[in-house]
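Report on one structure; see the data block that follows.
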Amino acid sequence: MTSKPYVRLDKDNAAVLLVDHQTGLLSLVRDIDPDKFKNNVLALSDLANYFQLPTILTTSFEDGPNGPLVPELVQAHPRAPFIARPGQINAWDNEDFVKAVKATGKKQLIIAGVVTEVCVAFPALAAIAEGFDVFVVTDASGTFNEVTRDSAWRRMEAAGAQLMTWFGVACELHRDWRNDVEGLGTLFSNHIPDYRNLMNSYARAKGGQ
Amino acid sequence: MTSKPYVRLDKDNAAVLLVDHQTGLLSLVRDIDPDKFKNNVLALSDLANYFQLPTILTTSFEDGPNGPLVPELVQAHPRAPFIARPGQINAWDNEDFVKAVKATGKKQLIIAGVVTEVCVAFPALAAIAEGFDVFVVTDASGTFNEVTRDSAWRRMEAAGAQLMTWFGVACELHRDWRNDVEGLGTLFSNHIPDYRNLMNSYARAKGGQ
Amino acid sequence: MTSKPYVRLDKDNAAVLLVDHQTGLLSLVRDIDPDKFKNNVLALSDLANYFQLPTILTTSFEDGPNGPLVPELVQAHPRAPFIARPGQINAWDNEDFVKAVKATGKKQLIIAGVVTEVCVAFPALAAIAEGFDVFVVTDASGTFNEVTRDSAWRRMEAAGAQLMTWFGVACELHRDWRNDVEGLGTLFSNHIPDYRNLMNSYARAKGGQ
Amino acid sequence: MTSKPYVRLDKDNAAVLLVDHQTGLLSLVRDIDPDKFKNNVLALSDLANYFQLPTILTTSFEDGPNGPLVPELVQAHPRAPFIARPGQINAWDNEDFVKAVKATGKKQLIIAGVVTEVCVAFPALAAIAEGFDVFVVTDASGTFNEVTRDSAWRRMEAAGAQLMTWFGVACELHRDWRNDVEGLGTLFSNHIPDYRNLMNSYARAKGGQ
Amino acid sequence: MTSKPYVRLDKDNAAVLLVDHQTGLLSLVRDIDPDKFKNNVLALSDLANYFQLPTILTTSFEDGPNGPLVPELVQAHPRAPFIARPGQINAWDNEDFVKAVKATGKKQLIIAGVVTEVCVAFPALAAIAEGFDVFVVTDASGTFNEVTRDSAWRRMEAAGAQLMTWFGVACELHRDWRNDVEGLGTLFSNHIPDYRNLMNSYARAKGGQ
Amino acid sequence: MTSKPYVRLDKDNAAVLLVDHQTGLLSLVRDIDPDKFKNNVLALSDLANYFQLPTILTTSFEDGPNGPLVPELVQAHPRAPFIARPGQINAWDNEDFVKAVKATGKKQLIIAGVVTEVCVAFPALAAIAEGFDVFVVTDASGTFNEVTRDSAWRRMEAAGAQLMTWFGVACELHRDWRNDVEGLGTLFSNHIPDYRNLMNSYARAKGGQ
Amino acid sequence: MTSKPYVRLDKDNAAVLLVDHQTGLLSLVRDIDPDKFKNNVLALSDLANYFQLPTILTTSFEDGPNGPLVPELVQAHPRAPFIARPGQINAWDNEDFVKAVKATGKKQLIIAGVVTEVCVAFPALAAIAEGFDVFVVTDASGTFNEVTRDSAWRRMEAAGAQLMTWFGVACELHRDWRNDVEGLGTLFSNHIPDYRNLMNSYARAKGGQ
Amino acid sequence: MTSKPYVRLDKDNAAVLLVDHQTGLLSLVRDIDPDKFKNNVLALSDLANYFQLPTILTTSFEDGPNGPLVPELVQAHPRAPFIARPGQINAWDNEDFVKAVKATGKKQLIIAGVVTEVCVAFPALAAIAEGFDVFVVTDASGTFNEVTRDSAWRRMEAAGAQLMTWFGVACELHRDWRNDVEGLGTLFSNHIPDYRNLMNSYARAKGGQ
């Protein structure tokens, strides 16, 4: 087995794809607690903005039981391409979506969505087949249970996707705290209660607050 | 076994005690996920304000490793009595705390804190011994692990405490949606992602959003 | 501790209360798998009909995010009193509901609902306070997570409720297989895959099928 | 709460009731691993013989899907009363069974069976109501899942049953190792792999084997 | 490591193999809850019919303890080849079975069965060795416990099988909701309680039901 | 149900009983991780010394497979009565043990041991029956699995024992940090890694280390 | 990724290596329940004899804390080479062991042992490096916890080992029930309680027993 | 898939990298119990000294919320290079760190740290890309939860890292007990309570202690 070479996330070469985080579909997600999942998805959304990564939103059948995209994502990305797919289950089967992806000019795709084995795995597999480097944000993606999740992860991994989490993505993109201590610290404080506690304890001990 | 009579929460007769939710002590809490725990504590804090329940804050050794009270609680209850205990582990051993509790004139005490078997159980047991009705908010209280939690719950339950959760507390206090549909709905929307999703799906289906 | 006396379910003295099994609220239930929960609720519904127990349906705010009662329950109990509560969270605060319960003339109440710590616990506690014998069907009741469930069970148990499951209820009501082997067998076959398999294996071994 | 007085198992005053450990019904048991469950049931059976406790076997509908009593139990207790109930679900509703129990002249009943909330709980509750001291062997009793188990344990406990396990039963009956070191050691060696390992390690270290 | 190329399920090129879902063998399955497992197997069976995929049934030793194929599968596929193997453990060792597979003319094999590490893994490995593309439906396959399951998944994955679940299979086969909204919706409504709830909530909000 | 009155641990009225923490018997403990269990037992041992509580050690059959008392306990309590029981399984059946307990003149007994349902539960139940107040240290007691543990806890709780953990015991005995900040801090630092981290972080932030 | 070719177990070309199942070391095994583990190890031992596979036993430091090989294995394989290694941790570093393996003339090695990441993984990796086909029996191998187990499995899998379980090994070796229905049935009946139950239920239904 | 060749740890060619085990960051670790994690990290530290492996310490932002390196590690490795990184998140981006690694002249890198998907995975991936053999000590590395851990392990494994645990590392480095029975025994006794118990039991049985 020759090792898979280390492809490292690069903020100048990455785009974020948020697939089908819709209010109805979210009720299907049971492999992760709702409080934690909401936090992870919003953390990924915030980091996309923080690193100014081109971001693409897409939904499946908003005007039906699947429900609308969660409003926080719409509000966070007002100028992002928003592809409301008329029927294609695999977002990559939708021409507008693929065009929007290619229009970013980025080679590295950071993907999350609901449900993992379909809305994430299908476009991930298709994008890899076209030569993109795919990074799946596992903790901002959700599905029915741990069996469906595990099968999805294994299928994407076998195809060459890299499995990451939003925190790892943020760290690999940022590279060096000195680029902006305050900005990254704020991102972590907003989405990692334990880290916020560390910051508050430290500030108090230092004599502040 | 004669049954314990049904003591029902009454918003005109209840006070909320938040005990030692400090930034350092929170790192000891491992029987509940940090994202969920933060949400539950803030939900309890919000419902205290929403129902205008007298609320008392207390801390143990803020100027040391235990750290300050989490800032969100300080900000949410700017006029609440805040008893920084100089050393008493059981808040009920602090005269100022007991005075503040009695000054509310309420008979029903809703208690949550960190860690469950000490900061919650000790004042709960003491308050019961003095004739108060005690309602422990289990999901806004945290401790080291499930064994310590379970022991704490059993000890308090054997002494006559009622075990509840923040959602049950809110519902028992509110009694009837017609008292204020929007207010309770907002409380739930802010702290129950699944409920927020239901509301957003419903609004979209109704044609709005 | 004097022991709680054995109150045994009696099909001539029992009624079933199904509280708030609504399509929206069900998305809040995360302490039990959806496939299993659906099966348990329908099993309880079927046994109510099988034993011809008076059954009462009630909902909270059907014309909103909570959604309608699951259609299968409506269809299974076409003549059951159906109390769509205008706002009361505790069904026992609704006069029509209590009237309907009392109209059955039954002393034993079998209760299940969503969510456990509110829609089940509140009427259960109120009914006990009025002298009814309450049997909670734990596996046909659901809630947010195991902490909220456990708190609800303990509170009801301390008040004197008996915790049962649909299978135990069916067996205690039936008393003797000879009363109707085929009927009870069908109920089990429809709702316990393992039991259905036993029956099919037995039939084949006997030479049939 | 006055404490429940300590009723201690006494080998001269105890009988063992094994209820419905049938080959078909065992496929319903999913709250304990089959290897461990088989071991626990046989350990209880062995200790009944070891302490020469009167033992009663009973089954429900052997000539149907429930299947026969597991042959090991039949063989281990060739002279025990064996009550094949024609239809009563609660063994205590069967006159022959109650007669057999009373014929032992024992006041303490050690009960285990399948499934816990029915075949164990029903006769346990009935026996308590008639003044017997009931000891439930929790780990030699099995049921569908942890929810049904927990409900059954709580109902029996509230009624005054003492919850034990086969190892605790053996130890409380034996009282003092000096009564028979070899016999008790053999019982443990046969049913506790870790204890057998301790004995073998010790023997080797002592120079033997 | 060169990535495994994306082989996408194609409804014109796929067949379904259901291996040894027999009433006796099902009692061995303990890595998934029986209610959920039954639902998943029937969902796979329904999707095979919905997409009109050639389907092959096979069993091992029906006239013995393994028991007959579950009757629902027999009824759902009345014209499917049904290979009752006289002794071969690996279905692929049975000539009739392989002939039936090859007679479908399909290159993609969707396999599920009981138990995973034998009845699924053996024919899967053999089929891959003959050049078929194999898709294992993990959640419609069951086995003794999570260790046996995990070992089976890893062995098949290392050999090149793609691990999927019934929902992912349905979505990848369907490709576009517009091909038939109602049909796919019905399949999901029948086998995903959460999705059925979304549909019912939506219909009510829209004013219908 | 009248509430159990609050009996509060009092360092002038409490003794510690360490029962059968022997090197062989410890291999039977599987309801708690060995690293954590070792830490909890040593923490309890340390707190007994820190609060200068009379401590009694006892063992069962040291010169056999059960093995010797763990050496750390022997070394920590060189002057404690050490009752090597010749055969009694329940330590309370040993006259020397009971004499040693009574010789302390203490009314409150803090008990921990291996295995919970025997070595802890038996003397706990016997001591309660003689009028002692019993506090079981649940996390310094271990047994075969969670079923045996749960049964033991329930039996002791029903008899009136209070379930605690070593941390709660230390806090209830200490009452007020001002009695000795450094001593209690050291106890916590030695046995709670998270607390030690808080102390080290605080010291560094304060400018020291 | 080219697929790993299907290497199928062949009873004429396989040997069994049982590594360090010693009475002391077994107390380190905590990733599997002792009852189940004992059963799995003895099942593997029985199948080695049933298929007449050459079997090799080895131990590490028997005359010390590790303890002797479990006596059942010694008795089951009286003529098997038994290599008591004087110090080598990796059995493959012991010349006598490797000679014994090579003397079997078999190319397929079925390995199990304690602990997985050392006593199994080291010789497995070494054997693969010398060209053997290695089949790890995961459920007859044990270790400290699931993290150590998982790391061991992944390391061996990456090196090309096939992960199996004793049941899968038995089935792949046997190939066809007709080779010996009774023998294989007995093996399963002795080590799979669920299967034994199926056989007993079937026999009774057929009219026998 | 060609198998990855067996690269075996060699004490003359290995170095240990301990990355960011800082008192603040440790509060983020929730995929492993704190008692166990502390023990594992110190065990790895001890084995580094025992085998006299060059060891490198590094931290990120010590003078802030992340906190100082845990003092035990500083004390254990007084002469080790200690690289306090001014900002680089990936230690491999820090020139001094890479220089220190290369200065060891070792080809095999044993890495552990906090948190796994960042502080361990990033330098591990970078080191592999430069041709080092990387061995990740999974149980001395910690992170937020099991999802983040699993993603990190998979990413490193796909890149060619070998996943091990501290015990496996110690055994593979030592090779033969005869090299130093006492030293290795002491390492195990200090960090594996079960092994210490075996040693104490053995010593007693042998007549010593």
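Each chain carries a letter (A, B, C, D, E, F, G and H) given by its place in the written order, and its residues are counted from 1.
Just so we're on the same page, contacts are C-beta pairs under 8 Å (C-beta built on N, C-alpha and C of every residue); 3 or more make two chains touch, one makes a residue touch a chain.
Which chain is which protein? Per UniProt: A, B, C, D, E, F, G, H = Isochorismate family cysteine hydrolase YcaC.
Keep in mind that what you see is a predicted model, and the values were worked out from it rather than measured.
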Farthest CA centroid from chain F: chain E
How would you label the chain G and chain H contact, same or different, if same means the shared numbers make up over half of all numbers there? different
Just the number, please: Cα centre separation of chain A and chain F in whole Å. 48
Using mean CA coordinates as chain centres, what's the gap between chain F and chain H in Å? 34
Rounded Å distance, chain E centre to chain F centre (Cα mean): 54
Each of the following residues of chain E touches two or more other chains, namely 1-4, 24, 27, 33-34, 65, 67, 145, 158, 192, 194, 197-198, 201-202, 205
Which positions of chain F touch chain A when the two form their complex? 198, 201-202, 205-206
For the complex, give me every residue of chain G touching chain H. 1-4, 24, 27-28, 60-61, 64-67, 86-90, 93, 115, 117-118, 121-122, 125-126, 128-129, 144-145, 147-148, 150-152, 154-155, 158-160
Considering only the defined contacts, which chain G positions touch chain E in the complex? 1-6, 8, 32, 138-139, 153, 157, 162-165, 167-168, 171-172, 174-179, 181, 192, 194-195, 197-199, 201-202
Using the touch rule from the top, collect the residues of chain A that touch chain B in their complex. 23-24, 26-27, 33-39, 62-63, 65, 67-68, 70-71, 192-194, 196-198, 200-201, 204-205, 209
